[in-house]
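All chains are identified by letter, namely A, B and C, in their written order; residue positions are counted from 1 within each chain.
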Amino acid sequence: MTSLTVRNLTKSFGALKVTDDVSLAVEPGEIHAIIGPNGAGKTTLISQLSGQLGSDGGSVSLGDRDITRLSMPDRVKLGLARSFQITSVLPGFTTLENVALAVQAREGSSFRFFGTVAREEALNRAALKALAEAGLDHRADVLAKSLSHGEHRRLELAIALATEPSVLLLDEPLAGVGGEDAETFVANLQRLKGRFTMVLIEHDMDAVFQLADRVSVLVYGRIIATGTPQAIRSDPQVRAAYLGEEEEAA
Amino acid sequence: MSDATATLTAPRRALTGRLKAALVLFVLFALMPPLAAALNDPFYVLIGTRILAFAIAAMALDLILGYGAMVSFGHAAYLGFGTYAVAILASWGVNDLVLQILAAIAISAIFALVTGAISLRTKGVYFIMITLAFGQMAFFFFISLSAYGGDDGVALMQRSTVLGMDLLKSDFGLYYTTLAILVALFVLCHRIVGSRFGRVLTGIRENPTRMEAIGYSPFRYQLTAFVISGCITAVAGVMLANQAQFVSPAFMSWHRSGELIVMVVLGGVGTLAGPIAGAVAALLLEEWLGALSEHWKLFFGVFLVLMVLFSPRGITGLLEKAGIARRQE
Amino acid sequence: MMNLFVLQLLNGVQLGVLLFLIAAGLTLVFGIMDVINLAHGVLYMVGAYLIATFAAATGSFWWGFLLMLPAAVLVGLILEFVVMRRLYARSHLDQVLATFGLVMIATEAVKIIWGTAPLSVPMPDVFSGSIPLMGPLKYPVYRIAIIVAGLAVGLGLFVMVNYTRVGMLLRAGATNRSTVSALGVDINRLFAVVFTLGAVLACLAGALVAPILSVDTGMGESVLILTFVVVVIGGIGSVKGAFLGALLVAVVDTVGGVFGPIWLREIMDPAAAGQTGRVLAPMLVYILMAVILSVKPAGLFGRTA
C-alpha cells in the first residue's frame, strides 16, 4: 500500500489553475522529490496535501484513509506533517519550547492548567532529541527570533520531526542555505531516510539527486514526468521544460 | 546533551521578575488600610477595594488579550453578571458570597461560551466589534430588567456574608477579602499561563498557522481561555457590587470595557502583574483628574491619544523611553 | 393594527437610511484601511451640533445645513491629518485605545462648548406637518424627506463606487490593498479621501436627524454600536452590505420592539408576554447578528475570512 496517494487534485486561484489534475503515489519509506520552476505550484500542492488549503477537486489519502476533508491539525494527528518554505516558527519562544510544543501536541492532553510545563522533563527530553537530529541542540535556549537563517531552517525541520510523522512534507528545507551548511543539512536528511516517507520540494538539484528515490516534475501545476533521478535527468521533455533553464542559468 | 531542565533559564528570569513585581504590589496593597487609618481617611479603603476589584478584572482580560491576542471589547458584561448575581440572589434571600460567586461564574461561563464561539469564528476588527456588540446586548438586557430597577439600578441592603460570617461588614474586612481573592486569582492565572494550556494559548498568539501545522486547533484553546477570563471577571463584579452596595447597568457600559482595555495596556499587555498596576494607575488618574476638573474625561482622552501616538508600548514603553525601566529582552 | 405596522415599518426604514449613511463610511474605512474607529459615532453627534449652531446663528435650517457641510469636511480632514493617519500602520489594539480617547475628548469638548442641555433644531417649514398615507394614517413629511434624502445619497454613493475611478480604487482596496498601491495610487491621499467622505456622511446623518431628535452628547453612543452591528452583518468593506444590513437592523429593531410583545401574546399569557417582550426587544438586533454570523462569519457580503 502506498503511504500517500493523491488523485486528480485541482486548485485554482481565480482564473489561474495552480494545481492541475495532479496524481501521485508515494511509496512507504521513499523520498519523493517534487521539482519545478518558480511559481509551478509546489507550495500550493504541499498546502493542499497538509490541509492548510482546501482543494477544488480530487482526493488525498494517507495510507488507506481518505483525508481530503480533514483539517490541518487532524491530518497532523494522523501522522502527516509539513515544514514551511518561508520559516514559520514562534518567534517569542525559545528553540526548545518551539519543539516541545510539537511534542506536547502528540503526547497527552493540552487541557492541563496547573503543572508548570517548562519543568516537564519528558517533553523537554523529546524536544531536545528532535533538535539534536536537526543539528540544533546547542541552541536550545535561544529565542527563535534571534536564530540565524540557517538555524531557522533547522528549527523548521526539528519541529516537523517532533510531531513524529509517518509522512513528512518538506517545502524547500534548503531555501537560502548554502555551502557547507547545505551539505550537513543534506547529511541530516540522509540519516532520517527510511524512518518515514518524505515528500521533498527542493530547488537545489545536487541535494535532490543525492536524496531522492523518485522525482516528479511539476510545471504549471501539472506533473509532466515521474521517475528515478537518472530517468528524470535524461528525460528530454523535462530538460526542455525545466532543467535546461537551470543549466543555462548555471 | 545538556540537561533538559537547565535550558529554560532565560524566559524563567523574566517570569520571576514579574512575580517579584506582583509580590511588591500585594505587600503595598496589604499596607494601605493601616496607612489610611493613620491618615484618618478611611474613605481610601473603599476606593482601594474598588481598585482591587478592577485589578481582578484587568488581570482576567489580560489572560485573553495579552496571552491570547483576543481584544475583547465586551468584558464589562461579565462585571455586570457579577454585580447582578449579588443583587438578584440577595433579593431571593441568598446572601452568601460563595453562592453568589458560583452563580456569577455559571452565568458568565454560559454567556462566554455562546458569544465566544460565535466571535472566535472571526478575527481582528470583526472580533472587536462583535464582542462589543454582545457586551451591549447584555447591557440592554439589564436595562430592560425592570424588576431590578432597569436603567436606575438597585441599591443593596447589606453586603454579602461569607459562609455565614459577617466578614465583609467592615470596610477593612471587605478590602482584605477582595485582596485575598485577587492574590488567589493571580496565582491561578499565573499557573495557567505557565501550564501546558498556557503555552498552547501563547503559541496561538504568536503564530496560529504554525500551531495548526503541529496539530492544535486554535479555536478550542481560545474559547476555553475566553470562558475562564469571563468567569474571573465576574468574580470582580461580585466584589464590586459589595463595594458600591449598588448595582446598575452602568457597570457594563461599553465605556467600562474600554477602560478595562486601557488598564491592561497601561500596565503592560501579557504580564498579569502589569494590568493590576494598570488598574491602580488608571483609577488613581481618574480620581485625581476628577478632583481637578469636572471635564476630567477630556484630559484622560488626550492622555490616551498621546500615549498611543508617542509610545507604542504603553506606560512601560514610556518608562523605558525616560530610562526609568529597563528594556527586557 | 395594520396601520401601526406600516407606521413602524416606515420608522424602521427612516432609521435604516440614517444607519446606512453612518455605516457606509465606517465600512469603507474598515475595509480599505483596516482601521477600527470608535469615534465614528461622535461624528454623527458633531454633525447634529454643527447644524444646530449654524441654524441658530443664521436663523435658517437651510443655511445651517449648507454651512454644516464644509465644516464637516474640515472636521474629517483635521481628524484624519492629526490622529487617524498615524494609526493606519498600528495594531488594532492601538486603534481601539486612541479612538476611545477621541470619543472621550469629543464628548467632553462638546459638553464644554455647547453645555449639557439638549439643543433643538427647527424643522424647515416646507417639511413640517404630515401627509395622509392610507385611511386615517398620516406620516410626518420630514421623515419622508429623510428617507428620500438618504436614498438619494445612497444612490450617489452607489454610482460613485461602481462607475468612477475613485470608486474603482475603493472596490479594489476593499478586496486587496496591495493591488491599489500596485496601481501607483497615492495611498495616503486615497485614505484621506475615504476617511473624510465617511466623516461627512456621518455628520450628514446627524444633521438630517437633528430636527426630530433632541441634540445631546449621548446621541453618538447608541448609534455607534448599532452601526457596528450593521457593518458586521453586511460584511466589512461592502457598501451594498451596509445598505441591506442597515435596513435589516433598523426594521428589526423598530418593528420588533413594538410587535415582539404583541406576537408573543399569541403564545404566552399577556403579562408574561409583556415582560418577556420588553426584555427581548432591545436584544433582537444582537440576536439577529449572532444568527447571521453563525451562518456567515464574514457577514452577508463580506470576503470569506
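Just so it is clear, a residue touches a chain if its C-beta (ideal position, glycine included) is under 8 Å from a C-beta of that chain, and two chains touch if they have at least 3 such contacts.
Just so we're clear, the structure is a prediction, and the values are computed from it rather than from any experiment.
Could you tell me which chain's Cα centre is nearest to the average position of every protein Cα atom shown?
Centre-most chain by C-alpha means: B.
Report the chain whose CA-based centre is farthest from the CA-based centre of chain C.
A
Can you work out the whole-Å distance between the CA centroids of chain A and chain C?
50
Measuring centre to centre with CA averages, how many angstrom lie between chain A and chain B?
Centres of chain A and chain B (C-alpha means) sit 43 Å apart.
Approximately how many whole Å separate the CA-defined centres of chain B and chain C?
Roughly 32 Å separates the two chain centres.
What residues in chain C touch two or more of the other chains?
none
Using the touch definition up top, name the residues of chain B that touch chain C in the complex.
Of all residues in chain B, those touching chain C are 65, 71, 73, 114-115, 118, 121-126, 128-130, 132-134, 136-137, 140-141, 143-146, 254, 258, 261-262, 265, 269, 295, 297-298, 300-305, 307-309, 312.
What part of chain C is in contact with chain B in the complex they form?
Residues in contact with chain B: 30, 34, 36, 38, 83, 86-87, 90, 92-94, 96-98, 100-109, 111-112, 221, 225, 228-229, 231-232, 236, 278-279, 281-283, 286-287, 289-290, 293-294, 297-298, 305.
Can you list the residues on chain B that touch chain A in the complex?
Touch list, chain B to chain A: 1-2, 4-5, 7-12, 191-192, 194-200, 202-203, 206-207, 209-217, 221, 224.
State the interface residues of chain A toward chain B in the complex, per the touch definition above.
Of all residues in chain A, those touching chain B are 50, 52, 71-73, 76-77, 81-82, 84, 88-94, 96-97, 100-102, 104-106, 108-121, 124-125, 127-128, 132, 137, 140-143, 159, 162-163.
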